[in-house]
Amino acid sequence: MTINDMTQTQPLQAAQARLSAQPFTILIGAELVSIGDGTCELKIPIREDLKQQYGFVHGGVVSYAADNSLTIAAALAMNAQVVTSEMKINYIRPAIGDYLVARAQCIHHGKTQAVSRCDVFVASGDGEKLCAVAQGTIVKLAGTQAVGNERI
Amino acid sequence: MTINDMTQTQPLQAAQARLSAQPFTILIGAELVSIGDGTCELKIPIREDLKQQYGFVHGGVVSYAADNSLTIAAALAMNAQVVTSEMKINYIRPAIGDYLVARAQCIHHGKTQAVSRCDVFVASGDGEKLCAVAQGTIVKLAGTQAVGNERI
Amino acid sequence: MTINDMTQTQPLQAAQARLSAQPFTILIGAELVSIGDGTCELKIPIREDLKQQYGFVHGGVVSYAADNSLTIAAALAMNAQVVTSEMKINYIRPAIGDYLVARAQCIHHGKTQAVSRCDVFVASGDGEKLCAVAQGTIVKLAGTQAVGNERI
Amino acid sequence: MTINDMTQTQPLQAAQARLSAQPFTILIGAELVSIGDGTCELKIPIREDLKQQYGFVHGGVVSYAADNSLTIAAALAMNAQVVTSEMKINYIRPAIGDYLVARAQCIHHGKTQAVSRCDVFVASGDGEKLCAVAQGTIVKLAGTQAVGNERI
């Protein structure tokens, strides 16, 4: 492992630690797969208790994945504590598979707010299928600054 | 109890039974408080494991409440099995309190799709405060018809 | 005319003057019908050059009406210069008639941003029909303050 | 010019002819720059009468560009007559420059509806700057089929 690798790894662990500080994230079972400069990838293994009555993942879980990944991508781009201001999601196909993967990218950020986009895929042995796309606004919490891993 | 009361009660029980057929709804702990012609009221007692790291209810729970209530309101208006096509939510203030209440109304419905709006409140001893507003499109599942309680 | 009437009339004129300072508003032909505390009503007479190829009002005109009325309602509630941050619109039915009427209400406003909702109706001799519903976020321009008619 | 070139050119002319059948498009002055399989690029030269009072392009013009390009991209992907069902737009920066360029892509389409995304740029001698991003749902008009240039 190179120093660069460590540098890449440590922020992921710090970001995961921040994410795992959310009790609801623990309940859902989401984990960060990777983070970059204004990007992130969030994974949610599909369990029975995350489904709705037709057997596919509940829209609320898909929108959780979109909401959180949009916001983490913005937090990474702004290097600040942020909250989701608003979000729009289009559900494209039923999420049936082994796990969800949400990939988000911060499209633009200014001093106080950012706009991110996200694709949510459902993955199984057959590969990945797009199941939702989202777009949202994320705002910096007043008075926050970029300190260590206080980024999500 | 009058016949009218029974009539009002039975659909609520049937709708609640449909809602409780969603494992994720059981996980979240949501319950229907009332239903009407194209309206519904959904309640979620706030528990520790529904929160995020700042101590208020996670946006994913609030958007679950919005998503489900928008869709139930449309299902009741269309008297058909439906799925959420898309949704937009604005988070207005942190949800800190005893329970969430989402009140949704179907604004318009045609043969194949409907538009609903929803207000999500957080309630405590101090009363209710608006914490999110949402708007979305709900589509009828192809081939479904109005049969008994197959409405959500 | 009473003093109260004058008070009610003058802000409308001032708001209309602000609106008419938008060249695109002149091109579209929009006018303010009424304003209140966080509410407004905007009217657009339907002309041939506002239509699309199927003979009804172009979605761009309907979204102009939504965008502007959402923003004016927020400006009136916040008493400040504002800009639209984002908006979502659902088109409900084709707009065929004599004029559009957009009625917007500011749902919530804080120090820096507001959330408004809007209904757009198409009106003719048959009365009004709902043709679109919208919801959006409006942000205060930094450094602006409530001075006279600088409200839109 | 090869036959292939002609084939590429003719659909653009046909699509432009369809777009120019919209009186509001003539009023705005929009033109199609290119089309592909589920993609399009729309250009609007910036004129004084498309601006608002602060000197930048009115949000209604930007949302017109988003709405139309989202819908044309979906029409090209579905090869059918379509209408916009709903749209969400985030305004990112004031549009100050020589012309707007909206680039849209159909993300997914089924039998009856499609989801598209769009980036709207403002261009000047300094190059292009992103000024808005949008996402929307487009629905096929019932009973329409793919016949010649009836695609927008």
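In this document, chain identifiers A, B, C and D correspond to the written order of the chains, with residue numbering beginning at 1 in each.
The definition used in the following text is that a contact is a pair of C-beta atoms (placed from the backbone, for glycine too) under 8 Å apart; a residue touches a chain by one contact, two chains touch by 3 or more.
Keep in mind that what you see is a predicted model, and the values were worked out from it rather than measured.
Overlaying the C-alpha trace of chain C on that of chain D calls for a turn of 180°, given as a multiple of 5. The pairing of chain B with chain C is characterised as same-residue: of all residue numbers used at this interface, over half are used by both copies. Once the centre of each chain is set as its mean CA position, chain C and chain D turn out to be 24 Å apart.
The centroid of the Cα atoms in chain B and the matching centroid in chain C are 30 Å apart. The centroid of the Cα atoms in chain B and the matching centroid in chain D are 35 Å apart.
Shared interface positions of chain A, i.e. residues touching 2 or more other chains, are given as 85-86, 88, 90, 137.
Within the complex, the chain D residues that touch chain C are 18, 21-28, 48-53, 58-61, 63-64, 67-68, 71, 83-91.
Interface residues of chain D facing chain B in the complex, by the touch rule stated above, are 85-86, 88, 112-113, 137.
Listed in rising order, the residues of chain D touching chain A in the complex are 88, 90, 92-93, 107-108, 115, 117, 130, 133-135, 137.
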